[in-house]
Amino acid sequence: MNLLTPLLAQNNIQDVDGIPTPESSIEHVGSYWFPEQASTFAGDIDFLYMAILWISTLFFVVIIGVMVYFMFKYRRREGVGSEPSSSHNTALEIFWSVIPSIILVWIFYAGAKGFFEMRVPFDDAEEIYVTANQFNWKFVYPDGDVSKELHIVVNRPVKLVMQSDDVLHAMFIPAFRQKNDIVPGRYTYAYMRPTKVGAYRLACAEYCGEGHSRMRTVCVVHKDEADRKNTTQWENEKHPGWVNGERLFQINCSGCHSIDGTVKTGPAINTIWGTDERLSNGSTVKVDENYIRESILEPSKTLVEGYGATGTLSKMPSFQGKLSDAEIGYLIDYIRYLKDPSKFPDRDTLVQPPAADGTGATSTVPADPPADTKPADSQPAENTTDGDPPQDDQASDGSTDPKTDNQDQEN
Amino acid sequence: MSHDHDGGFAHPAPPKLLITVFIALVLLTILTLAMSSIDLGLMGAFGFWIAMSIASFKAALVLLFFMHMYWDKPFNVLVFLSSSLFVILFIGLTLMDSSHYKNSVDEYPRQPDPPALSP
Amino acid sequence: MATAAERKKLFGHAENNYLNCTKGIRSWIFTLDHKRIGVMYLVGVTLALLLAGVFALILRLNLWTNTSELLTDAQYNQMFTLHGAVMVFAFIIPSIPAALGNFVLPMMLGAKDVAFPRLNLCSFYLWILGTGFLLWAIISGKGLDTGWTFYTPYSIQTDTGVIYATFGAFILGFSSIFTGLNFLVTVNTMRIPGQGWFKMPLFLWGLYATAIIQVLATPVLGITLLLLIAEKAMHIGIFDPKYGGDPVLFQHFFWFYSHPAVYIMILPGMGVISELIAVYSRKKVFGYSFIAFSSVAIALLGFLVWGHHMFTSGQSIVVTLIFSAITFTVAIPSAVKVFNWLATMYKGSIALTTPMCYALSFIFLFGIGGLTGLFLGALSTDIHLHDTYFVVAHFHFVMVGGTLTAVFGGVYHWWPKMFGRMYNDNLGRLSCFLVFMGFNLTFFPQFVMGARGMPRRYASYDPEFTIFHQWSTAGAMVLGIGIVLGFGVLVYAAFKGPKVAGNPFGAASLEWQSSSPPDFHNFIHQPILHDPYDFESMIYDEELDTYVPKEFMEPDKQPATEPEPQTH
Amino acid sequence: MAVVEPEHEAHDDHHDHGEFIAHHFESAEQQFDSGKLGIWLFLVTEVLFFSGLFVAYTLYRVLHPEIFDQAHVFLDKYLGFANTLVLLFSSLTMAVAVRYAQLGKNQHVVWYVLGTMVCASAFLGVKAIEYTHKWDQGIMVRSYFDYHAGHHEASMPLARALGVSDYLIWISIVPVLLLVGFALFAVFAKLTEKANAAFFSACMAIAIGGYFIGALAGHFYMELTDGGIGGRSEKAAALMAYEDETHSDHEHTDKPADHHDESAAEQQKETSEIAPYEGPQNDEFDQDIGIFFSIYYCMTGLHAIHIIAGIGFLAWILWRSILGHWRSDYFGPCDYVGLYWHLVDLIWIYLFPLLYLID
């Protein structure tokens, strides 16, 4: 299993230089001790590390060498006792206190210098907002694009403005040698300047709960802005609703909810649509649009049995104000899709614009009732052809459709 | 086992001294209270330090006479006073740190309180 | 000149001793005897070690593959938390001070008991109670998944048994405080006449420095945990960011205790090693005052460096620099100790018995543990290494490679004194070898993993680390076998080993001037004070096959005190 | 001098000098010195135990002074002042008790220790009034902070009959039980001719009676001043008015002044339902006032726990004084408990200006 490949594939990241193939990414890339050097400070840190390593090794070899030598030289033998020698020598004590001290002062200085570089912002850094929550990453770019991997441009300095919705996390990119905790209730910052195109591991390094070890993603360094934009932009209009929902799910929900039936921090969502969920207060509720909507916006209101007693706070944060109505609609679509994919169009189906201008050539017009949601999305036909971000009003338009659709189904 | 010495280690404090100390403590308490009631035009921080000085003076009186530190072994005095050193260290370094990152807390938009929990 | 019969009575193997002077379970439960309390502690902490060790092995097995197949993520998190919490609070902190220290400290001072025997027993029962609460978190099925550090806000959010466990740790804190308080007072007021500060064995300096930390730092743990319990129960808003609190403040609170606590764990171990090196080299310890003062220096400097656990925690830059600078100063006294131990071995007569083997592996492992601290003390490298397996390996080298081998060394050293029976030295050395090899195999690969960016506390991991984890798991098994063998050899010896007399190793500190096992009153005669490292003062008595003070052997000298048995 | 109190029947047992010297000590002085160092070290741990709260206090005071400015007016500084005097006086009596213990005058020690205990209980009584008054107004720790001014109808019939808070009844259960228990036991012991036990129980009953003295005094102070004059009324009124101005969406209504008659109080209760100040939930600026009270309750609560423990230790000293244990070469326990008691006083000396006198 390779971590990077599926993540990259999901976002159609195929054309970035230097992305490791599944085979090579199992192999360690970099020097013996370190991953690749992909940021401006990596070199200095590696140098300091190796310097300390060699100094330590020197000391260690001397100490252990002397120890082993003494072990044999002065081992206890019949008739040979210990020989008298001085039990005190101030000059010697001072010598072996002062020499290491001098070395330590240098190590401190070198470390502090490197630390300053890592904690002081670059000029003209691009500000990327990072939101960490259990157990997802969400990166918001200056142009409003959102992604679950960090996409940055080579040689362009970056300032990550990080916040956490729940507990402590830490943003750690080994290849950049950069790390900083993300503390709820305040902003923390991380600065970096990537020097090498490629994809690198990005992990949560501060224990944050059950899914801590799953809170891994990638940082992709693109060769230029256009390449980055190509990857991060996402137009809901170009995709069937459930695909949009899938993307939102991966950005916001996948840390706690699985789609393969395994129970993570929250219930699996692949088969819940239409079933009766037992709540912790003993009652049951049918999983429908209203229930899902309520669970997303007010997660503490009703808790599913086994996920905390009624009246306690849900582990799930509220997404009130974080997801638009349209986005909740996409998520509902996705949950329905997971239950029964047959009613939904293929992933690659391009939404058929009413006034076809050739871009929708590969699309098929979905015939299933759930595809009723699509016309609303497909209204901005012109927009689907180029990279313009969706307009807000269109997004909210989309929200109405799932609802009407739901009512139809219930009736 | 012999115990022929008769408890040379007791140092009974003279009652007059104790009462004097008590009166001084009461007067100092009244002084602190008065200071807070009458606004002498002292700035908050300054008044705070005066109040703390008075409290420390009171504490010194209690320590010296009520707690017999005046007659006690120097080592015991050292032991007790060392605690204040560590308290100052604790407060000092922690405060130094949080006052430095205060900005990043203040910038952060305050979230509303979570819904009240049912008891 | 004492007769052979007298010597046998004073320094021989004692059939009537503290172990059997009174009988019945009540005589143990309510005992005020520091030796019995020490033995009970030893049993207790060993069980805690084995329990936490089993957790560790389960963890390592789970990490054999990178996808966490043995345990669920939640179970893995509980497992490493309990491993850490039980190891730290219930094993390492009380191991040397409360178990070995309790047994040895009063005897090294020539005293009959610690200053407050009832407090001592109380401390032991607090240990039982506190450990009980920790275990209750497991048994009640709730578990504990916060990491042993209880970082907020996760500890507030999780619904596992945080309150039980923190309350347990709170109680264990008081157990530790009472032990420390007792030792400080005992060392101050109960030294045998003539025993100045600089005539104390270095183990006592180690324990004294430890006790200073226990008394000064542990109360802060108490208040921290109380506030955490209050925060969890009522959301008082001091640590919980949802209510305007500050999670970084919790880390300050926690590490103000827990960094000094690291020195609670290692200082007594260093004290033990100072004894072992001197005794088994039969050499006056080199630079006594430097070793002694370095213990106190480490204890005091230990209070100034807590922030180095928070270099990436959102701590401000200025404070981070200060803490980094002070952190390096701690390296000096630690290095001084190591150099002095080596100098002690110079021209000695080194017997590679089991305790000495453990002592030498201590130097090796603690050397690595200490030197890797430099990588973590230096700020820029720490940013990369923080919260990775590098840190895990570093502190295991110090805590296990250091403290655990010191525990073993000390227990092997004083075992004949405790039980009057000798262990099989070859098997002991084998256990030392297994522990040493297994340990290195376990933790050395973790340095590489950490530097390559493997974060700690991960239930599943990237495939590139698989091979290192498998080495590590294999090593853990060897380490486990070594530890079990080490204890097995001792337990067998305590019941079936050959009987030995008072001082088989020729050590010169006062506790060896007693029968083995010691009398209820520790010494039948008033012990004769020598320099604790003047090995010439002990002379081999062929009849007893043990070393006795020269005053009892040389015909032309009378013992300073008439060796007449005291009846009490 | 080693004079044994002649007036106690238990004295016969204590002629032996070695009686109180544990087997592992060489001399009374060594034992005393050990104990003394031990208790000083214990006090060090106590100081550091409290230090965590002082750190929390300092941090929030320095970083969020506005919380403290707004919150402290809810504390009545005259009650705090009264309590300070009570504690200082108890320290005096304790110091005198130690002096008499050092002189071996056990009978004197009994009275002075008893005086100390009465003061300690009275302190708790006043504290109980303070706490319950605040709880009635919803002044709680951060997450439960929900201030609503005005009078509160108690729901328990007993509380209503006495005109006190429900909470006060609840927390007074323990002292009432103790008082009754000790009084009954005193009578019982008297009847069975256990003079020491009877005397001790009677003393304990008196000591616990101090709680009711304190509570009564505090209650009448509150009644007479309509909820205290040392803090809330005027300034809180001003504060509420300020809240009014700054939050126009809130309804007006005057703050209750402190000279309302019964009917006005009734009306005021009603208006407080739509009080101008609706607690921290609705007011971003005041969201964190509750943190002050979190710290306040932690500090004073922990201090009160120490007082309660102190009463326990003092009871032990009382009992041993009744048995006539103290002699000029054996008075350690009395001295040690005295030191502990003074430390509790010492901490209060700092808490009083820190919590009550913020200006």
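Observations on the model:
Just so it is clear, A, B, C and D label the chains in written order, and each chain counts residues from 1 on its own.
Keep this in mind: a residue touches a chain if its C-beta (ideal position, glycine included) is under 8 Å from a C-beta of that chain, and two chains touch if they have at least 3 such contacts.
Note that this is a predicted model, so its numbers are computed, not measured.
Taking the mean of each chain's C-alpha atoms as its centre, the chain lying closest to the overall protein C-alpha centroid is C. With centres set at the average Cα position, the gap from subunit B to subunit D is 18 Å.
Put simply, the C-alpha centre of subunit C and that of subunit D have 41 angstrom between them.
Centre-to-centre separation between subunit B and subunit C, using Cα means, comes to 36 Å. The centroid of the Cα atoms in subunit A and the matching centroid in subunit D are 52 Å apart.
Contact of a single residue of subunit A with at least two other chains is seen at positions 185-186, 188, 312-313. Residue positions of subunit C touching 2 or more other chains, listed in rising order: 188, 216, 220, 242-246, 248-249, 252, 314, 317.
Multi-chain contact residues of subunit D, defined as those touching 2 or more other chains: 33, 37, 41, 44, 47-48, 51-52, 55, 59, 143, 287.
Applying the touch definition to all chain combinations yields A-B, A-C, B-C, B-D, C-D. Touching subunit C in their complex are the following residues of subunit B: 75, 82-83, 86, 89-90, 93-94, 96-98, 100-101, 104-105, 110-111, 113-114. Of all the residues in subunit B, the ones that touch subunit D in their complex are 1, 3, 5-13, 15, 18-19, 21-22, 25-26, 29, 32-33, 35-37, 39, 44, 47-48, 51-52, 54-55, 58-59, 62-63, 65-68, 72-73, 75-76, 79-80, 82-84, 86-87, 90-91, 94-95, 98-99, 102, 110, 112-113, 116-117.
Of all the residues in subunit C, the ones that touch subunit A in their complex are 66-68, 73-74, 76-77, 145, 147, 151, 153-154, 157-159, 241-242, 244-248, 281-290, 312-314, 317, 320-321, 324-325, 328-329, 331-332, 335-336, 338-340, 342-343, 345-352, 360, 363-364, 367-368, 371-372, 374-375, 377-384, 386-388, 448, 451-453, 455-464, 533, 535. Of all the residues in subunit D, the ones that touch subunit B in their complex are 1-2, 17-18, 21, 26-29, 32-33, 36-37, 40-41, 43-44, 47-48, 51-52, 54-55, 58-59, 62-63, 65, 77, 81, 84-85, 88-89, 91-92, 94-96, 98-100, 102-103, 143, 280-281, 284, 287, 327-331, 335, 338-339, 342-343, 345-346, 349-350, 352-353, 357-359.
By the touch criterion given at the top, residues 188, 216, 220, 242-244, 246, 248-249, 252, 256, 303-304, 307, 314-319, 322-323 of subunit C touch subunit B in their complex.
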